[in-house]
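Next up: some structures, all given as structure tokens.
Consider the two complexes below, in which chain A is the common component and chain B and chain C are the respective partners.
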Partner chain A sequence: MNARFLDWGLRGYIALVFVFIFAPIVFSMIFSFNSDRFPTIPLGSFTTKWYAAIWNDPDVWKAVRTSMIVSGCTAILATMLGFATAYTDYRYNFRFKSAYLALVLLPPTIPLIIMALAMLAWFSKIGASGEVWSIILAHTVLTAPFAMAIIRLRLNQMDASIEAAAWNLGASEWRTMREVIVPYCKPAIISALCLTAAVSFDEFAIAWFVSGLNKTVPVMILEIVQGNIDPRVNALGTFVFLTSMTLVIVAQVVLMTRKGVKG
Partner chain B sequence: MTALVELEGVVKRFGDFTAVERMDLTIEQGEFIAIMGPSGCGKTTTLRMLAGLEQPTSGTIRIGGEMMNDVPPHKRDTPLVWQSLALFPFLNARENVEFGLKMRGFDAATRKRKALDWLERLDIGEFAERNVDTLSGGQRQRVALARSLVTEPQLLLLDEPLSALDAHLVIRMQSVLTRLQRELGITFVYVTHSQSEAFAMADRVVIMSKGNIAQIGKPRDIYRTPANRFVAEFVGRNNILSGTVTTADAAAVQIETPVGSFTVTPEGPPPAIGQTASFVIAADLVNITETAQNTGNSLSCTLISEEFIGSMVTLFLEAADGTEFKVQVQERALGSLDLKSGNTLHLSWSADNAHLLIGETE
Partner chain C sequence: MPRPNTYALTWRLPIIVWQLLFFIGPLLFMIAMSFFLVKNYRMIEAFEMKNWVKMFGRNYFWDSYWLTLWLATLSTIVTTLVAFPASFALAFRTSETTRRWAIFLLIIPFFTSYLVRTFSWYTILAESGVINAMLGTIGIDPITMLNTKFGTIVGYMTLTLPLVVVLQTFALANIDRNLVQAARNLGCPPWRTILTVIVPLAKTGLIVAALFCFILSFGDFVAPYYLGGSKPPTLPILIIDTTKSGQQWPRAAVVAVVMMVTLITIAFTAITLAYRKRASA
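Up next, the complex of A and B:
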């Protein structure tokens, strides 16, 4: 009797946590289809006019394009860097390795606003402020540790003899990297690509400081909100949310199914 | 016969730790050689040096007459069957077998044909397209073997390949391995800590201890005439007594031990009187009776326990001074022997069956 009560209590608790996390987003989605300008209840009629408005806004298209380029390039660069650091950690032992690893994993622990300011100062010093590639570089610094963590997890599951087995069967070290290590890590690599892309796509603080005229979508959202109350924000927010969620879910599914096969 | 593998004064150190202290070994073409020893004796390190995964600190390794010390692993033709099998989990059985051929630049059609041939030959042709994770231990073992043999090497290295299998599968795989080795006529170097595997399959067995070779010989010779106390103890089921030589000639050596004086027939030149010596008497060469036998080598002992493993029974006994004795008898030969622990039983053996170890004590 008591256990059953506890069971239901815990279920209710989990439900509340989800409501707490997702309610604002769900409301934003609902209001994105609401005809009234102000987000109030009762709702007005159903409309897609806010979606039509952002669809027809060339500034939005430009921001989406910038965001896509930034998150795509960031994902590739960060995953390559992450793979390289994860592999050095897996394969080699050297002095100051713990210092090396601490340094590699440091960026996400720095408050974003500090990092953003530092990036702005640095990029303007070297005359690279406001460029698309400066956002890409800044985002790569921020997201590479995530890629490394995911790939390192996969490498740690690898039978230590597999690499030597490939050498033993006639594969040089580079060939082994291509034929054995990378294929083995493929699920983790795909997952890292999706996650770093999602983090970069969502990231606001650094993009806002560094982007200049090359606005990304989150920066554009803030600018709309600053101006006045505009339900276009709900439509744009819904789009950003769905994009990121899709990437994160793909990342999870790829990791889980491959692990499942491995048993 | 020609020598395929020659190790000369091979030493391997890892920092302060000496894994192989000195290794001199010649392996003939077509020989099945087993390297056996307790863990940490250097047997796996020796195998890894043959595969090029470790470089000897000093000494030379030649394979087929060629100096191999600095040849990287991928430029050697020394496939290894790993203890963990080390199959590639992202490839299916056939693709695993094809790997070595792919690295050697064979075209896809040839690779596939050869891989399927080998899988068929090892009776797992039907699993060719299966993911290796879905195969049983025995099937995975066969994939690993096929993967190593598909390139038709001169030398196959095996690192405790059967240690993960069930007992009945081990026996089956042993016959698969010996049959393959005979048919292909290639050299097998088989590392194991299992005496039954080594003795069942190998032409010659190398016993290693603390980085040195303790004895090289045919399984039977190692079992019956161990070269030293370490080998005698390692092959198990042996009784070892130590003492001082009291009389000695070419026909008989008398050794005075704490539990009595015993006669041993020496195989070589007899030791000097007063020298310390030991002798080994295998557990299965000891007679056990209820009444004292007052002829030749005999001894009274107290029965401690028995170990029944089917057709054979091992009895554990203790002499007056606490020396432990093992006696192995056929279950059906036990007859009316009263096997109550604490009973006194009488052991006896022929001087010809005892094996002398000169100068070996504890």
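Up next, the complex of A and C:
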């Protein structure tokens, strides 16, 4: 077979896969500026009324505030836990270490709806349901493994003798952590903060079950789409897309550009 | 091994405490809850088989069960096959730079609001949506895509395709190129090289990708609800209905435990297959 022909076919195929993956994002953004109530082609006229509608809705502002608190706190907690765990895995060997790692890394493999039900039941039991911080606790469980993975990969690149050198020069373990290891991991820490914030910002199943009246933005979207076609969803969705895409892009770029730098 | 000091424990212990309190605790409590009773809309802690007997005795539960299993299997097969040519091209037929960029771009949607993307598909696939409007201009009658298995699979793929392509690409890019070259030099035609050399070499990664696809599809409620029409509901939708409207948390817990057992069985089987060495090479 003609190899060049095949190569072009494969390239076209990759392009199709990307169209499939990005089409919903692009269409949602386009339709957020479309005047017709039902989003289809041909497009109606250009409008910003759906943005005006969400801008003037106090419930949206409340949801945005809740979402920011949740994803901000989740990111900080998950990154701290992820860092501690990554460092433990990097530096120490101990009995039951594989059980330890399984305990940390398993949450993302469990369907969110199951976690949602389990969290709802557990938080009701311990009297913590319907609070903003109950979403934060649950999201931290879910996102800490991502932080752990990113920071662990960075520690992999670190020369093990750097830590020992600092000790030999008289620095305590704590001081070495503060002045050598944390600075070395800084890009990974920033990346982990962004990625965990993005995952938390987008998560809707657990948030829906445990949030009570403190709706986050995705929970609000979920409730709007249960009703009917509402173009406000596209405006709100575009805001969500831009926020999480920015976070995920920053998370990736920070790691790429600093890859070669030795701490 | 030396006894861990304060420094070591400071880094080791927090996650153990956290996961026991907010991960293992909830899961164990949910399993216990499946044996509780509900009286006058209040949950009573008990140890009865009632919920299990009730759910297992209902036809709708089994309808949902087999449907969910079938849809997740279908999604895994379709996604694996759709992803493979793209992953193959990215691993073998493009430059290192292109591959990096592609993976960079694929990671973005994986972490970007799946809910809004699915809703967007709803409007694209609708009776008067973008696709049918385009077909209309060339004189083709509208095709029903919503509330079908096709719709559900499109939704599942929205969630799984980026991840599967990334995992497959890693699996394929890491195999020993010399073996592929050797097969070609010995006159093995391209198709046979793919099937008898490349796929077996990348087996572990390909199976892990498929497993993730299965887990994500099996547990998702958005695609079967909004794009599939939810008739009959899948297990995740059953959990939501039972919890939200029925206040029957213990019965929802039964469904959740059944899902967990199913997933653990499938994951165990898949991982055994993935790491099994072939008897003779």
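For the reader, a short list of remarks on this structure follows.
Here is the rule we go by: the second predicted complex is superposed on the first by the 258 of 263 C-alpha atoms of A that agree within 3 Å, B and C clash if a C-alpha of one lies under 4 Å from a C-alpha of the other, contacts with A are read in each partner's own complex, and residues count from 1 in each chain.
The rule is simple: a residue touches a chain if its C-beta (ideal position, glycine included) is under 8 Å from a C-beta of that chain, and two chains touch if they have at least 3 such contacts.
Worth saying up front: this structure is predicted, and the values here are computed from it rather than measured.
When the two structures are aligned on the shared chain, A:Val248 is found in touch with chain C, with no touch to chain B. Of the two partner chains placed around the shared chain by superposition, chain C is the only one that A:Tyr100 touches, whereas chain B remains out of contact. Of the two partner chains placed by the overlay, only chain C lies in contact with A:Ile25; chain B stays clear of it. Shared-chain residue A:Ile113: touches chain C; no touch with chain B. In the superposed pair of complexes, A:Pro183 makes contact with chain B only, with no contact to chain C. Once the two complexes are laid over each other on the shared chain, residue contacts for A:Ile41 go to chain C alone; chain B is not touched. Applying the stated contact rule after C-alpha superposition, one finds that A:Trp167 touches chain B and leaves chain C untouched. Looking at the shared chain after the overlay, A:Asp7 reaches chain C, while chain B stays out of its contact range.
Once the two complexes are laid over each other on the shared chain, residue contacts for A:Ala52 go to neither chain B nor chain C. Comparing chain C and chain B on the residues of chain A they touch gives the larger count to C. Counting contacts as defined above, chain A residues 173 meet chain B in one complex and chain C in the other. Interface residues of chain A facing chain B in the complex, by the touch rule stated above, are 159, 161-162, 164-173, 175, 179-180, 183-184, 186, 261-263. For chain C in complex with chain A, the touching residues are 1, 4, 7-8, 10-12, 14-16, 18-19, 22-27, 29-30, 33, 82-83, 85-86, 88-90, 93-94, 102, 104-109, 111-124, 126, 128-130, 133-134, 157-158, 161-162, 165, 190, 212, 215-216, 218-221, 226, 236, 239-240, 243, 249, 252-253, 256, 259-260, 263, 267.
Those residues of chain B that touch chain A in the complex are listed here as 51, 53, 72-75, 78-80, 82-84, 86, 88-91, 99-100, 102-104, 131, 133, 147-148, 151. Those residues of chain A that touch chain C in the shared complex are 1, 7, 10-11, 13-14, 17-18, 20-25, 27-28, 31, 38-42, 80-81, 84-85, 87-88, 91-95, 100, 103-104, 106-107, 109-115, 117-123, 125, 137-138, 140-141, 144, 173-174, 195, 198-199, 202, 204-205, 209, 218, 221-222, 225, 229, 233-234, 236-237, 240-241, 244-245, 247-249, 252.
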